[in-house]
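Worksheet for the structure shown next.
Chain nomenclature is as follows: A, B, C and D, assigned in order of appearance, with residue numbering initiated at 1 for each chain independently.
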Amino acid sequence: MKENIVIIGGGIAGMETAAQLLDLGYKPIIIEKSDHLGGHVADWNRLFPDMSPAADVVRSLASRVSGANIFLNTEISFINKLKDSYNIMLSNGISIVTRIIVMATGFALFDASKKEEYGYGVYDQVMTNKDLEHWFNTGEDPRINDSAMNAVGFVHCVGSRDEKARNTQCSKVCCITAVKQAIELKQKFPDAMIYCFYMDLRMFGKKYEDFYIGAQRDYGIRFIRGRVSEVSENIDGRVIVKAEDTLSGKPVKATLDLLVLMSGMVCSQDSTKVANMARLPIDTDGFLKSRDNVMDIIESPKEGVFYAGACTGPKTVPETLAEARAAALKVHLFIKGLE
Amino acid sequence: MRERFLTGYNDFVLPFVCGMLFVIVYCMVGLIRIIMQLPAADRKRFFISLVTPKTAIRNIKDIFLKCLIHVDLWKRNKLLGYMHSSIAFGWFMLILVGHIEVLLYTSDLGPKALYYPIFFRYFVAETETTMKGALIFFLMDFFLLVVLSGIALAIIKRVRSRLFGMRRTTNPSFLDLIGLYSLWSIFPLRLLAESFTADISGGSFLTKSLNYVFTEFLSNHANMLPAWWAYSCALGVFFFVLPFTRYMHIPTEILLIPLRNAGIRIVNARKGFARAQVYSCPSCGLCIDACPMGVLKGNIKDTTVYLNRQIRRKNESRIEEISDKCLLCGKCTAVCPVGVEGDKLRIAQRSVRHYNFGPDYSNIDISDQINGCNKFVKNTNSFVSSTGNERVLYFAGCMTALTPAISKATCSILDKAGTDYEIMDKDGGICCGRPMLMAGRLIQAAQLVEKNTGIILGSGADTLLLSCPICYRIFKEKYTLPGIRIVHHSEYFDELISSGRLRVTKGDVRYVFHDPCELGRGCGIYEQPRNVLSAAGEVVEAEKNRKESICCGGSLGSLTLGFDKRKAMTENALNNLTAASPDRIATACPLCMSTFARYSDRPVEDIAMILDTVTERPAARSAGVRPVKGKTDN
Amino acid sequence: MDFGFKLSPSSAINLDNVNPDKFEELHRAEPDVYKCMACGSCTSTCPAGRYSGMSIRKVILALQRGKEKEAVAMMKNCMLCGKCSMVCPRGINTRHLILSICRIYEEERK
Amino acid sequence: MIYQGKQKIWADYQKEIPDDHWFYVRSCIRQNFFPGAEKMFLEICRGLLGKDFYETEHHTTCGGIAYHCDTIPQETVMTIVARQFALMTEAGYENYVASCITSFGNYIEILETWKEFPELETRIRELLWKACRREFKKPEYVAHASDLIYKYRNEIAAKAKYRLVNRLTGEPLKAVEHIGCHYAKMFPARGIGGAEYPYVLSGMIEAWGGNVIDYPERRHCCGYGFRQYHVKANRGYSLSNTHKKFESMEPYHPDFILTNCPGCPYFMDRWQYVIAETEGKTYGENGFGIPVLTYEELASLVLGYDPWDIGLQLHQVAVEPLLDKLGIEYDPAAKYKGLDEKEIMRPELPGVLRCC
């Protein structure tokens, strides 16, 4: 049990991998760049489709990894490949020699301001899915005025399925997240008209379609098939969105009190940086490349380097956790093989 | 106390007399109103029927058998039948014998005739003359006993309705309860009152015996008057509340029977015949158990008995809700002992609904349709097939378009039988109009009927073959197609088999046949599909079948029942069908088939599909004697 | 002054100007109307569509976009046969929906 | 509106524009619409700022309108453009500046196409040689004339006589800037400020003391649209688009509209008259219209040139209310006098739109 196991990333993928390895009797090391564990999930309020609190997920994972070596506020300065191991130099001056690295570097939210036409950071009443979750958590956001929320719009696929945003793949979770957030907003503002502007609705997961039906029937969320192409600001500060209602073949226009952009998932720059240090290949979608996208999604082409979670592509929370468990098992079998 | 024999009057008769007069006036006014509300032609027909000996005799027979003996209830459940006929017939006989008694023994009654027969025992002393009427005494006590036994059963029924073959009964309204309790109390009070005077006025085994047994109490004539007052009051209360309770059915049914026998139909949703039906409803609640929607408890208040109640109360929102929800399966009509037509009554309610606009099909051009199916006209010297020269036009119908296996099998059978046929709606047809009719939109339905009539008459066919009972019913009832025979495929196949035009090999599959509402109760076709099935295999029966068959739940009749609300009904109907463990479920309606197939644990097929699989293609005929039919080129 | 041309009306739908009251009334009568996901099954099976381009899918959409005239004109072809109810994957009671539309919306007065 | 957000975007879309030595090509139609504009551009650049601007009488149309109307094929327009480049090469210049937005877009599009398809460039060189025995070098830099005024905006501000401030109230004037569609919508990186929040005109207005207003339809086309206006049956559509823009900017009460395209100022100016006549509606104060200026005209005004010398009498919408706000002295009687002090023709006054 003297093998060092380095898990890069303290989001739910890294934490679940660590928790499983602790159960298997190992003492993994978690390296996290920020000052807290939980990654993106820690920023979220509730999770689809059962509206379970995200904080519960993070809290339970955190209690399970308390036995691991956790380095917060720590980045990786460089990685040297030794003969059959890696020397990882951390920003806090510690260096670790290990034969096993688990990449749990996750994803980054697409920077919505890159879609200039949506005016994120330019217009007062435009926010992202993450900003809205922050408001759900704290109740603080100048963009949400409790007394004037008559019409709200959600724009799906911001930075996803978009060659102009250099991200052609689907971010998978935004459709269901938009439906969830639309329902939550409708619960808070029952009189508001809520529109979802979508290209396709991809309700692939367990109970997602029921969630969508509920949003339509029980909450009266209006789904408009057509991508918002242009946003501008009114004289009173509200935003005007333009889209095509592709089902009727007519342009539509609506004045909204709030526009929420569903930022998609892209590979984080930090993830790419660490991958470059460890000489891991990048796939055509910009995420880390697996040995095989069907059979070995959690294994890198390099011996002893494993992947868990969204560093290989957009994933939901349960998918990430399942991969983390699988990665822990792979690590265990790898160590067994070394003995 | 003896002055009563002299004056022949006591104040206690007043409640009865008032009640009686009230009810008679009320009924007469009601009678005249209903008759005046009938369309003039119907009214004339009604009066003629009253004096036509045939219908007059039938009226009397029906009134006797239905109103007094309740034969329909006897057929359903002996105990239920006895309960009703004991009260109705027993009471009737009490009145009849009572009047005979009075007529025999008194003269110069004058206005006393109003109450004398009712309270006769109070006003007569035991004299030589009346002693001679021992038989009458006996009869009076006997029928009183009969009525009392009925009342006893009625009380038991309120607690244990299952003994009477009823799972659920109607929830009585407040006035119904008053009527019920006053009715129940009339006869025990009469027994009590007459027992007081039995030693003076005479009596028989019941009253006299009671007088002896309770001599201590009953011989005290001070108690007598309250008993007679109570008896009169019970009668008075009953008569006063009668018009506002379900007991209004007693007088109304006497009107309904001759109206029905005169062939009158519902025209106005609320007036005339519909009104007679509504007031004839005895609130017995037989329709509650019959209703297929009853599997969901929430629907119980939407049965016909409650519709009648709400129509009487003029509760428009409930009337609308109840009439729109119904599947129009017609089972309540089939089981109703008085003949309230729950389905037609509802269609009538739907027909008065206000719509801001309605469909209009005048722009539909049927010339294309006619050109698509008029080969019988185009090819006048069409070959005469070896099996006769019938020219069959096959109308598969909208629903069959969603179950193409039925139309395919039907065409295959027609080919095998060598029938010369043409398909009327191969590229999609015009709806038959029945769904529109069921929604109460009669003008639109008539327009559709007109369009289809044009196509059919233009086709040159002499037989119209239908797969769908929904179509079949409206074609039978509302279409005028001179010279064209309208057949459902079950009838037609039955004929093909019995005339030997199909060679059928009987298998050993056990089938149960589901009677589609529109085919069975709607058009009275019960045997033909069973004949077809028994040629193909063994036929077992569902627990409730034929007239009592349970709707599949998919009916187009209901306007408001959503898809999610129908599942329980379909499952209930399936449980009924599979009681005898059949291998397969057979039906003769595309809508029933697809509805059952959704939830069934065993295959569901149309009889056309079954018959096709067990029918051989005749080798000789297909050898080129005639061109192969049914190649529908699209 | 006549220049031989003038402002042409916009075909765009301005959702701000759509009065939702009638559609809300329709929603109360048939709550499932919101469930339509525009799959088009109803349109493809509709026997009236052959004669008129009737599409209950389009009607639902047009009513939500305030194009009542267009919707009512289409609705006038419906035969109420119920095939759309049969094929609707979302289980919408289209027949009741259609009758409710006939009741709530009005035909343009000529 | 978050101004810092826009600044962030503007910072991403800046160009390194050469300071001097330009080969200047005029627009086909501007000289007819507002002839003072191009004259003043050269006057300011050469005379006031002392820069080297060369132009040649051999320059022709770039073929842009025909190209966008689908009446000539791509090879033809490319060969025409190649000839212009040859003129530049022959004159010894490397920096090419176009007065017309469509030309600018056309040049950029052709250069980008050649970058992606070098074989096409080779073919065009052959075609040019066959046609007129000329050879060319691709320009080092292609700019639009407004890019240069943008570049010189602070020098102009330093020499300015007037600022874009309302003399009566002391408030900065409210300006609508309208960018020609072909400036940056095709290649956002080639326009100052990009396509969504262009800065080229905003920068001038800010530098000269005005305030830019941002109204919902700011991205919308002026309504010209070559295929729309040129076909009379489609002219109502052209008008409707302009109308849409005016309806959108109306609540902000702009003092003037600044443009950088040949067609836009013309249509936004003339259609105000047509809208007034057909709809009875005017958008300026007291029945006037909103004055529409080109950037050269505005630069000349702030620099103190006489409004009638720079051709402002050729505007349909009267500029006098704007001149009054700016505090510019002008002689109303001289409005319709030529440079030779003789009367030029006076236009008939319109019925609805107030012009004096």
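Following the convention adopted for this analysis, a contact is a pair of C-beta atoms (placed from the backbone, for glycine too) under 8 Å apart; a residue touches a chain by one contact, two chains touch by 3 or more.
None of these values were measured; they are calculated from a predicted model.
S.K.: Which chain pair shares more contacting C-beta pairs: C-D, or A-C?
M.R.: More contacting C-beta pairs are found at A-C.
S.K.: For chain C and chain D, let me know how many angstrom lie between their CA-based centres, rounded off.
M.R.: 47
S.K.: Centre to centre, by mean C-alpha position, how many angstrom separate chain A and chain C?
M.R.: Taking the mean C-alpha position of each chain, the two centres sit 39 Å apart.
S.K.: How many angstrom between the C-alpha centroids of chain D and chain B?
M.R.: The answer is 85 Å.
S.K.: Approximately how many whole Å separate the CA-defined centres of chain A and chain D?
M.R.: 45
S.K.: Quick check: what residues of chain C touch more than one other chain, meaning two or more?
M.R.: 32
S.K.: Among the residues of chain A, which are close enough to touch at least two other chains?
M.R.: There are none in chain A.
S.K.: Could you list each pair of chains that touch one another?
M.R.: The set of touching chain pairs is A-C, A-D, B-C, C-D.
S.K.: Residues of chain C touching chain B in their complex?
M.R.: Per the stated touch rule, the residues are 32, 45, 47-48, 50-52, 72, 75-83, 85-88, 91-93, 95-96, 99, 102-107.
S.K.: Contact residues on chain A for chain C in the complex?
M.R.: 151, 193, 195, 201, 213, 216-217, 220, 222-223, 225, 245, 247-248, 250-255
S.K.: Can you list the chain C residues touching chain D in their complex?
M.R.: 1, 3-8, 10
S.K.: Which of the residues in chain C come into contact with chain A in the complex?
M.R.: Residues 11-16, 20, 27, 31-32, 34-38, 57-58, 61-62, 64-65, 67, 90.
S.K.: Which residues, counting only chain D, touch chain A once they are in their complex?
M.R.: 1-2, 5-6, 8-9, 194-197, 214-219, 251-252
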